[in-house]
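Reviewing the structure listed below.
As written, the chain order gives the labels A, B, C, D, E and F, with residue 1 at the start of each chain.
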């Protein structure tokens, strides 16, 4: 029976992965001769970070069956992510984005070329349900819902399926202004949120999409009220997060008030892309290891801070490194 | 009056330009960390080579109005090609191809990702006709006709327009098996060929599309019969070309028989892409300088051979270098 | 008539462009294996920045007629600068400088190898006057005057010519201690300043060359008194500028007092070279767009700050980006 | 039960993997500033090539539990090799070799620094026997036997174990003159050969170690006589191989005479390292797909030829590409 | 007589030099494709820095007689260090370390692979004593003593020999926690310290190994009491150093109290490795040029700060640059 | 006495060394973003190759006292060349050349920018005569004589001085058409040749400058007649050399007839620059090791062939490698 042979996973995620092309050394596209070739996507970044942290993670997606799609699979296999649920589709394309890395006051500049990607044609029938059945946790994000109606339906069906199957479902709003408006996002996301246990959102996006309070400690409560879940985390810039949870765990009573947890200071931004995904992964890892809400957020902050010091989207970190940072170390190198 | 202010050009071409991404040093996509970023397209390659050879060349196209499209314009401006007829379209994409450079017996491997490019949406109304009016020669290729019906119509209208306006019209079949079948190509190209003065085609493509003779000296006659023009050149692999011309120039009588002209030997292939475009440019330059048919072909062969020794699509050559090679030099370096 | 066919330009500049060779990644010449090859010169940098900002800019110079000189022309053509007034001289050399990029407390270290360059032999007879006639604004700098007497005479004749022809003439002192002493600079520059409308100078140079007040608000008045123009801008380190203008524009009354305008903070210096040129270009663009004195300075500061975040001499920026920064944006990237 | 959960594999191999460091672009160690970092080892190369060819392959080894050892695992995971049998040992080292790539008449120059590696301390008790039990084929080489007595005993016990368990056992002599003498190799290898079904050896090594005939058609018979197996393949330089097999498969009768099968010509050697491993993998793949002896050798030759055109040890090829080459294609690129 | 022909040196040092391999641009080993190849070792770094500062410096060591060992010799020869006392040993290995360069809060991560190096087998009989006889100063460090008993004996004999021969002997504790424990270090170092004139130690190491006071001004006195010398310098983080000296020089009286000398602020850490060695070299150079204790420390701080701005272990600086920094310059670049 | 302290050298050479800048990977200057920075000069190349071959070699020159000149010294020091006779001149420049590396039929293209270099101002008074006195052999070339009259006089005086002092004097004509005409070369070189023992010349240059026979076996005799020496070697393309010697060594009788010695075939040209210098060095090494004329030429050919496989001007070879090639090895790599 197929379900029996599916590996047991801690976390399964579903989402798009894109080819990421960036000029080296802060060059602009108008002057560069080479592009660094990397790959990334919010949900696969979370799966990969979880695998690096020692958890059993899998990723569901749809990719072109060519050297680029195969390379994406190889990148995730390399770090131990289960990719048996990835569909390879001949003749399709890999979504692509170009990123120029600025330093303040020059912003990062992106060119997105993601329309008509192999993933944008993925539907619920393409989802490898046995992998979902074998997992404890599902993580998806609002990017999938933003792509088109078909992907939005897939996302909705999947969170319903996972919720019914008893998985913990986490969802990061990950608002993308280039894909839809705040009003469209509100309409598209509200049905999904009803099936979500844990919700991540940037505070500024929660304000513009859902009209939550400008005070994050109240805003997080507002947003929790819109979801069907028990926990909500609002990120408030690089510096930190506020969160609230009504979950009762063992002797832990539900929280009445939101908490604010500051982040770690990074001396130089090497690459900010993927920092939010690393935060999500760290938080999920914390929860799966039965850390408290505040400890889980700090775990997420540590993952995020380390990610920012590493080139590329991927959080190529280890649990040891995270724990060293949480323990206050990290300044000196061992010789 | 606008037409008066248009620069007088020797040659105008119209076609697509794509982002070209290739791993360095014969690496494969499955192993590389960087991609060389270059740009190229058959018709812009011809315009650029002509500009390098000292002729006034322009190029008509449609590009996305972002850093990538602007970079294409800059690359052509840099070498002196007139780009005032290029349309920049916000929100569209640049066609892209990936190329792995093999050495025998490993073939070059391409991944094309060119669907829905800004150029594929170009129509005859987008053509800057004053630049055509001010030119002596129009060059286009079968790639434009292969993209879709709209582009095919644009190509047909443009050759009719240019023909009527008295320009010499050259056309390179440039068959792309990934875009259409031989039968489709035959249907699509025959109406265009009626308005073409000079026709370039690879012999193997002429056989599969138009069913010409397997003997190139007869095949070139067969193909000339299908066109409305006076001159036809069949390339026969790296090694050479056969051609025929019924044009009467000054005291030159029309040819009765086709001629075969061997190419130049290249000791190491640095980059074969663009060699055919360099040949076309060299041939056109020869014709514009009133060289004989055989001399024009040899001029084209020299451009092509030099191109093969240069990385990228572009024939970054000069007339001096071509003439040195034609004069038998090139072996030794001057110190 | 030739003058009729000359393009109408907003700004024309004249000056030297040099080959710039720098070790990558803060390496020293004593350890590096490669050099980044770039090109730059104060006046061509201004022309290029103006072209990037959407103005019609041209550049007059003299370069060797070899691959290096041709590359300089190509770099400027690429960004839309009119180079039809550049003279190519066979057998001459391109001035060269080597730059090691330090971080504090290690200073940048330059090795200049610019003697006997093609430009150093340029004379007034080499100037393409029709391009000057067709322009609204001339920009030159003290570097040309510092090279030798012949170049100094060319600079003087050109500002006189342009002044007489009704162009706005701007001049940046751009003192180079390796080329002449403060006393020589004073002697050489004073006659030129009489024909200048707008004068840029670093405050510390104005003090050492012209003995202006150490208080920049008075120093700028002192310097304006030495020039024949209406406007003077003193830059006061990375942080800002003071300026004064007696120009009456429309209903704007002449200023009585100098104004001080702070600059933008840059989080990490990627490349400081060319920041002053970007400032000049931004200021000129502001003036040509009828911004006020303070607004023009802020426009210049924005151009300068963005330049500092980009590798190389060239301000590869756009008006959109400048305006985004002036509007207070720039921190976040659009996704 | 653990054995039940072991994946079923087509081929399992055991051996060392080393860090491979090489100067780029034919530079020498005395002049280079960077080293290309790759990884490779005869037996893992075979497993990886088999995985690329679509077979289920696993690899057994012992590596240091640090970023280098983890990278080796990631490289093999990336291409789908089962690495669950790899032991990570804290505090140990990864064998390393440096290679300068010459062109004739300059030979490749290696510096081996492989003593005391984590693998050299691997013993039979470290072998993940369930993975062996679940496989159809075992491949090892003489390098393991050459390292030290402990490794030699492990190799001997493993071939005995696999032979008894009914696996097909293939063995490549892979003589390393830097590790042992021909006489030592003869003594060390003869007991192993008794348990081997298929034996690969370079003809020149078979002569020096085992004293076989200088005529490869006889030499291959001599060598087969020394082994306990049914098939022997002697490689005879880049150009080809001779082989003999006494195996009866279906209606195929045992061979009486050896056959010689020529190889493919490669136009330019990109990297010869790993060509023999690619041959072994191709041959094994051919046998597992029930190809004849001659067809299996040709399959191996094709893999080897393609490998030589790819940088690094690894045969990053696919079955499609091999079959295209075997079908006589490969010259032209599809566009 | 051999001693007569030995060059007269200012300083001779003895120690190990290792191959240093680091991913570029803050990449991790898990993601990089190339490694920067550099070389360094505490004592050779000191010799090289002294040579750059204009002193006659030599270095004693033992290296493998292969391309890597020869490259180490070449690197030191290049900068004018006398390497005639370096022994080349065939068949041995060069100690190696890998370094991932982090930015806070990511620490640098090292992988040491230095066991069984050619240097670890060096003994007192391998020391080129004529070079010691011809020198005025000997510098060694605790790393040599930490390697093994044989090296520790060599270090002890050498300081005794040099002390007896009238050389000034300086010693940097350079504690390496990966090589020995604080208790082992105390036992191993105390006999050596008896023959040392000048002692350098990081304050935190002096506390853990020798139990000195946590107040550096007392700690430095404690440590001086343990040595047989007259001067002791405790470095106290990046920021500075405290020191004490009982030496009577000319009219200078011995100090009663320790002094504290702050360091230079560095705006961006390019590479911290080797900063301590540059400090030692600067201090030694100051002493040899008869600077006061405080001036010598400031000279050392300047060397260290400049080193931190340069990639690699080596202080590729000059006395001019150090003096410019000491004079308060360094901010501006001369143009 | 100074002469007593001068090291005893086998060979001393005098000449210019230039900065060599080349685009990587066969790129053209019109397209490259980086330049490989190397250094070379005919006479320093010979000295360096001799040092690599195990001889004591020194080099006399004049360089700018800046980071570039110091780097040249470091490069030669690194390989053991005695540079104590190099003069560093503040404020002067280093001659520079740019080289585009072609493959046939594209020739290498050079841009020379060598006028007014520090070396071009060197005069006989700058020559460190004690180093000449301490040497057995002097090697110079026609490049020095071609620069200007002052350098030509220096060369003439030096060969006279060395001849008188009993050194063997070798001279390579090394004709540079960009520096002087054949007639000028004849006039300039004839006086020098009278003091030369061993003369090297390319046959084609000997024909154009001195009008020797087009048959190299006679041409070499013609040329020997023009010199005051006993040995003459004519190189005849990549393929070989002819030579004649009237020297009586031990029982060796003077030759009556010239001999022809073929060269080694190189499978791929990596970098041809410096091949002639490597030949000279090999020939000189052979003579100093008392090889016969034919053996010395073969030794030179081997050095030259190996050089062609190495990037850059420098023959980074060893005597072992040369001897391996002469013994017929070189094809296989030792593993």
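As a working rule, a contact is a pair of C-beta atoms (placed from the backbone, for glycine too) under 8 Å apart; a residue touches a chain by one contact, two chains touch by 3 or more.
In this text, all values refer to a predicted model and were calculated from it rather than measured experimentally.
Peer 1: If you average the Cα atoms per chain, which one ends up farthest from chain B?
Peer 2: E
Peer 1: Going by C-alpha centroids, which chain is farthest from chain D? Tell me that one.
Peer 2: C
Peer 1: Averaging over Cα atoms per chain, report the distance between chain D and chain F in Å.
Peer 2: 47
Peer 1: So the centre of each chain is just the mean of its C-alpha atoms; given that, what is the distance between chain A and chain D in Å?
Peer 2: Computed value for the inter-centroid distance: 41 Å.
Peer 1: Using mean CA coordinates as chain centres, what's the chain A-chain B distance in Å?
Peer 2: Taking the mean C-alpha position of each chain, the two centres sit 46 Å apart.
Peer 1: Starting from the mean Cα coordinates of chain B and chain E, work out the distance between those two points in Å.
Peer 2: Averaging C-alpha atoms per chain gives centres 63 Å apart.
Peer 1: Residues of chain F touching 2+ other chains?
Peer 2: Residue numbers touching two or more other chains: 24-25, 28, 30, 32-33, 74, 109, 268.
Peer 1: So in the complex, which bits of chain B are touching chain D?
Peer 2: Within the complex, chain B touches chain D at residues 25-28, 30-31, 102-110, 112, 176-178, 268.
Peer 1: Quick check: in the complex, which residue numbers of chain B touch chain C?
Peer 2: Those in contact with chain C are residues 74-75, 77-80.
Peer 1: Given the complex with chain B, which residues does chain D contribute to the contact?
Peer 2: Contact set of chain D toward chain B: 24-25, 264-268, 270, 305-306, 309-312, 314, 316, 321, 324-325, 329-335.
Peer 1: Going by the contact rule set out above, which residues of chain B touch chain A in the complex?
Peer 2: 21, 24, 28-30, 32-37, 66-68, 70-71, 74, 93-94, 96, 98, 100, 109, 111, 113, 115-116
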